[in-house]
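Chain naming follows the written order as A, B, C and D, and within any one chain the residues start at number 1.
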Amino acid sequence: MPEISLTHYVVLSALLFSIGLFGVLTKRNAVAVLICIELMLNAVNINLVAFSKYITPADFIGQIFSIFVITVAAAEVGVGLAIIIAIYRNRLSVNLDDFDWLKW
Amino acid sequence: MESSIYSVVAFYGLALTILGAATLVVFVRNIVHSVLFLAVTFVAMAGLFLLLDADFIAAVQVLVYAGAVCIMVVFGIMLIQRADMKATNLFNKQLLAGGGLVALVVALCAVLAGRTAWTELVTAQEVPANTVQFIGTLLLSKYVIPFEVAALLLLVALVGAIVIARDEEVKANARD
Amino acid sequence: MDFPILLTILLAPVAAALIMVFVPKEEHMLHKSIAAVGTFVSLALSLFVYFTYNKEIGGLQFVFGHDLPWIKDLGVTFFLAADGISLPMLLLTNLIGFSAVFASWNINNRPREFFILLMLLITGVMGTFIAHDLFIFLLFYEVVVIPIYIMVVIWGSSKRVTKEYAGMKLTIYLLIGSAFLLAGVIALFVKTTALAGVPDMSFTGMAQVAQQLSRFDQIWLFALMLIGFGSLISMWPFHSWSPDGYAGAPTAVSMIHAGVLKKIGGYGLVKIAVYMLPVGASFWAPYMAVLGIIGVAYAAMGALAQKDLKYVVGYSSVSHMGYVILAVACLDVIGLNGAVANMFAHGVMAALFFSMIGFIYEKTHTRWIPDMGGLARQTPRLAVGFMMAAMASLGLPGLVSFIPEFTIFISGFNNFGGLAVIGIAGIIITALYVLRAGANTLFGPPRPEYNHLEDIRGPELVPLVVLGTVLVVGGFLPSLLFDMINSGVVPLHAAISDALQIGGKL
Amino acid sequence: MLVEFAMQHAWLVPLLPACAFVVIVFLTRPWQKLSAIVAVGSMAMSCVIATLAAYGIFTNHEYIEKPLVYATRWFSLGLPGMPDLLVEVGVQLDPVSAMMMFMVSFIATFIYLYSIGYMEGEEGFSVFFSYLSLFGASMLLLVISSNLLQMFIAWELVGLCSYLLIGFYTHKVSAREAAKKAFVTCRIADFGLLLGLLSLQIIFGTLNLVELSDKIAHFEEYTTFGMITLIAVLVFIGPIGKSGQFPLHVWLPDAMEGPTPVSALIHAATMVVAGVYLVARTMFLFHEVPSAMQLVAVTGGFTAFFAATIAITQREIKRILAYSTVSQIGYMMLALGVGSLSAGLFHMWTHAFFKALMFLGAGSVLHALHHKADVWEMGGLVKKMPITAWTFVVGGLAIAGIPPFAGFWSKDEILVAALGGGHYVLFALAAFTAFLTAFYMWRMIFLAFFGEENPENHPHESPWVMTLPLVVLAAGAISVGWLGTPWHNIWGEWIRFGHPHHGPINYGAMIGSIVLAAAGIYLAYTLYLKDAKKKRARRMAEWFGPVYRMLYNKYYIDELYLWFNHALVDGTARLFYLFDIYVVDGIVNGIGAFARFSGDGLRVFQSGRLQNYVLVFFLGVLAVAVLMAFSGPSATSLLLGGVK
């Protein structure tokens, strides 16, 4: 009987994180990058909740932490989108390859 | 420890959905489709949280991510993209380097996951049945300061997002 | 210990700067007046201090804040004090600072910012001269560097090199110099604290311990300090910032820089490096003498080849600082007296020179000597100031710079013999380039394009009057200057000799 | 009573003109006449005090051996009780300085007076008088100095005044260059003098004249003979420059660019003889070193001859006088060098009168002819300017050495001294120079004042302020030599170094010198007046073509110096400058460039793309994770800063 252990969740989380990271590194569209960051944050949430269940079930540390992560993620999406819109208004583009201003 | 066959099946099913949808998020060429698969991922993840006895998180997940975030992203896309949504979500030149890096991350994670003695960490304790009550109590007692700070953060993000995204003309009008 | 007069002197320009912050920026005249009042308060008080200092008793007087901890664990106190070496320098700073305000009277590009920075600059320089704590000394020194950069880059002028280059070179050179200095000071601090057990950053406290350091330690510590102070005083071969920097800087900065800032190097050499590390100093003295003499001859020759007035004076100041280094290397009473006195004399002279060149540039829009001539006819008062500075530069007796040079020659000739003769021969080359510059600028047929020029008048006369008076009075009454310096040098020399007797045995 | 006062307050003598300088500069500059009155008045008062003080000195034999010294501390270094360096300033009165003080103030008074007429209507009239006052003050300070450093200061200040006054016509390029040349040439000489003074200070610990003379009398206790010789030579370099001796004489003829009263005062009567005065003052030093004395004598004798040969061919009236000055100072040096201080200073004394007279006469002529300076373009001026001409003739007779005019007695004494000392070559040179002097002086006089009038000129006699000094000085040029006749040598009694010298009267030398002088005048008379129509002079110049050209071009020494200055000094300077820009500064800029280039190289990694940075960031994260995972707790604790 294959039992679902902590390891399964951790591996799932790692894979999801990797997919998100891949997207962050390789997508051109700024919105896509933002989405992929959400994926990475979710991967972390899986970890947190899984640890909460298997290691400290009574303390809810993991769950509360993940609530804060969700909060931050929401805020991040809001501000991130605002920035993207502002940039788009100036440059008429959301292609990250067009933006290399960090050079200066 | 709970180990019904349903939970095993449910886990694999949800895990496959999550990974599959996430992969599609990254690989589809239309940004709107990406967002759609993102919503799928989020919903599947809510199921996963139920499996992990985290009812409240699961609810929040559906409300915040699947609901608010996805809708917001779609609005964002509507504001900034052309009418034609084909080939709006392409890869850049870093594809190979990114892939290599991700492979390394995966490999490292695999090695670490294999090496870590998880069983020593795991307790036999059960998750209390009513999670919402505990979380509510904790958030307003032990974690009240982070909670308030988070509230403040949201407020600042709200104001900030408006300020950043607001149009110059709108600003000029507002001044008049 | 009643009225904190040194602190008042130090803070008067700061107060002026603070007031200026709250004055609307269109009020140009008001800004200039506030700056003038601020520097005048400092000048008047420092004159008062200079003449009430008790030379019979000597030592540190007007002490302030020796019990005011700044950083307790490092033994740093906000220790201000004046002795016979720092008082002439303080007076010099204020003389030049006061004149510099009037030399910049015609600045109309952001005068508020200019004068605020100028006040900070003057404060920083004063602070280095009256600080009696090594840390505070360094602190004030760093305060000085930044305003200079900004002032050069905004109000400077580009000729052979751009003002950006000049400002950058000046700043970076001085910062690198001060990095060596800082390394030396930190090492010195670590060594003395290890030796004494308690940290003490005050000059006297530290010196008492430092003089006991082993010969080897003293030698390498002194080398670090020599590079640091050497780049400040533009010792050959660390001099190349000086001509370019002065050429790029606005008049007031050139005046303060050549007049007093450079002297921080010489002052530090005497009051910190030599005083604390006499054994190291005696080891390096011959090398210093050689570098000083090279500096004298080399820079004088360099000045001879110049056609830009500011470059002539820039090289000439390197040349004059060579004498100071030679004098410090002598390590005897006459030499040290001569070194400090020559710094004072050169400060007055260089400031007058730069202010006059500044006016010439302001009026003719050129500093290129072949483009000028006959200005003595059109602007006689300017010519008088220029010639006074020129004559002081070539060490004409009867002006303030002769006696210091004479004492340096005595001491140098006594200690280094034939080598010093090369340095003394510098007076011939100096005469040649100074007279050439003066003659070709001021004399000869007047040029019609300068017929409309207005002579300096009103506030513009202040630098000439103030500095010119000092030049002449100091020339005929050298005891006014030398009695003061002597009261500081004699105890310092006694301490050095005692330490040399022990010879760094520890 | 008054004499007492004057002797005790001799410091007023330089102070009064100094005050006049200040007053003119700051107060009376706008009022020309007032400025002139201030200058002349202060100098006249100085002259009165100087005369009284001199009277006091010359009526008391005691002061010959023991000078009257008032001195005070100027500054000192080191402990008050036992200073490392003590410099005093003071007044030293003895026959030598009293004579000089009187001479300078007396001649200066009349030249100031003359200047009122000469400079009338010139731009910068008041400034001119302020400079003159400053000069008077400095020169008198030099004369009464009790200390060599004080003397050096005054020495340089008179140099400054000379510079300012030579370049007084600031708009003239030639004046500017001449002034510069004068200053720099003197500066080179002063370098030597300064080294000498430094050595004296270091070895003997004092620069006070009285103390020095005591110590140098037994210098063996302090230093070696070689050193003292070197010091004497170094000290003598100063006078070589200031007094226009070969090879630093080049500035003096050029100095004639200044207004004529300046030439008379500074470049004939007073400043240029400061070198002679300095040697006289430091005779105690030279006396110890025969070889230095020899050097002084030879330099003087050679310069006397050398300058006279140049003077023969010159055409400008003031240039001829300038070379004559150089030549006459050579005589003085010769006298000092052969050991006769009284003869040297006696010639200085008489020369001051007749040479000032001649310069003022030349000034009067130039004033009348509107600065036409070529003697060949003058002629017959005696009819229109009788006072100027006849006083000039008096000067000519005096300088040529015709008795009983002043120059005869002093020149005779020099010749006798040279002969008495056994310096036969120098004697022959000096005698021949006497002949040349008579010749070129009278050549000038015949050409300028006699012969045919030049119809282009419209001369007129000068006003009384100019002719009065001429007459007074002419009287001096006649009579001042009677102080030192061989039969009754009052001069030698008072002004001497060591014991007074009473040799037998050498009638041979006396008659010989009269004959030579007469021959010179006669030759000039035949060539330029009697047979002027025959153009013999022109033909002689053609016969001796190369020699004539060489003399006319002053032996090409100026060209040599100019070449040296341009090619060598400027070339070296240029070289130094290029070295500075390209090597020293090159290293500095090289370090800067290194930083910039390495920055440029590293900038490649700074793509500016966000995702690029994320990639690198995660590479770093990965590396840290690998390190933490596989290298055990030590690395982990290192990374986490020791936190478990």
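Criterion: contacts are C-beta pairs under 8 Å (C-beta built on N, C-alpha and C of every residue); 3 or more make two chains touch, one makes a residue touch a chain.
Small disclaimer: the values here were computed from a predicted structure and weren't measured.
Looking at chain C and chain D, no chain is in contact with each of them. Rounded to whole angstrom, the centroid-to-centroid distance between chain A and chain C, based on C-alpha atoms, equals 61 Å. For the pair chain B and chain D, the distance between mean C-alpha positions equals 98 Å. Distance between chain B and chain C, defined via averaged C-alpha coordinates, is recorded as 66 Å. Between the CA-based centres of chain A and chain D the separation comes to 93 Å, rounded to the whole angstrom. For chain A, the set of residues touching two or more other chains reads 21, 25-26, 96-97. Those residues of chain B in touch with two or more other chains are numbered 92, 94, 97-98, 101, 105. The residues of chain C never reach two or more other chains; the list is empty.
Contacting chain pairs (ordered by label): A-B, A-D, B-D, C-D.
Contact residues on chain B toward chain D in their complex (touch as defined above): 92, 94, 97-98, 101, 104-105, 108, 111-112, 115.
Residue ranges on chain A touching chain B, taken from their complex, read 1-12, 14-23, 25-29, 31-32, 34-36, 38-39, 42, 45-46, 49-50, 52-58, 60, 63-64, 66-68, 70-79, 81-86, 88-89, 94, 96-97. Interface of chain A with chain D (complex): residues 21, 24-26, 33, 96-97, 99-104. On the chain D side of its complex with chain B, the touching residues are 611-612, 615, 618-619, 622, 625-626, 629. For chain C in complex with chain D, the touching residues are 169, 172-173, 237, 239-241, 244, 298, 301-302, 304-306, 332-334, 337, 374, 376-377, 391, 394, 396-398, 402-403, 406-407, 409-410, 413-414, 421, 424-425, 427-428, 431-432, 435-436, 439, 442-446, 478-479, 482-483, 486, 489-490.
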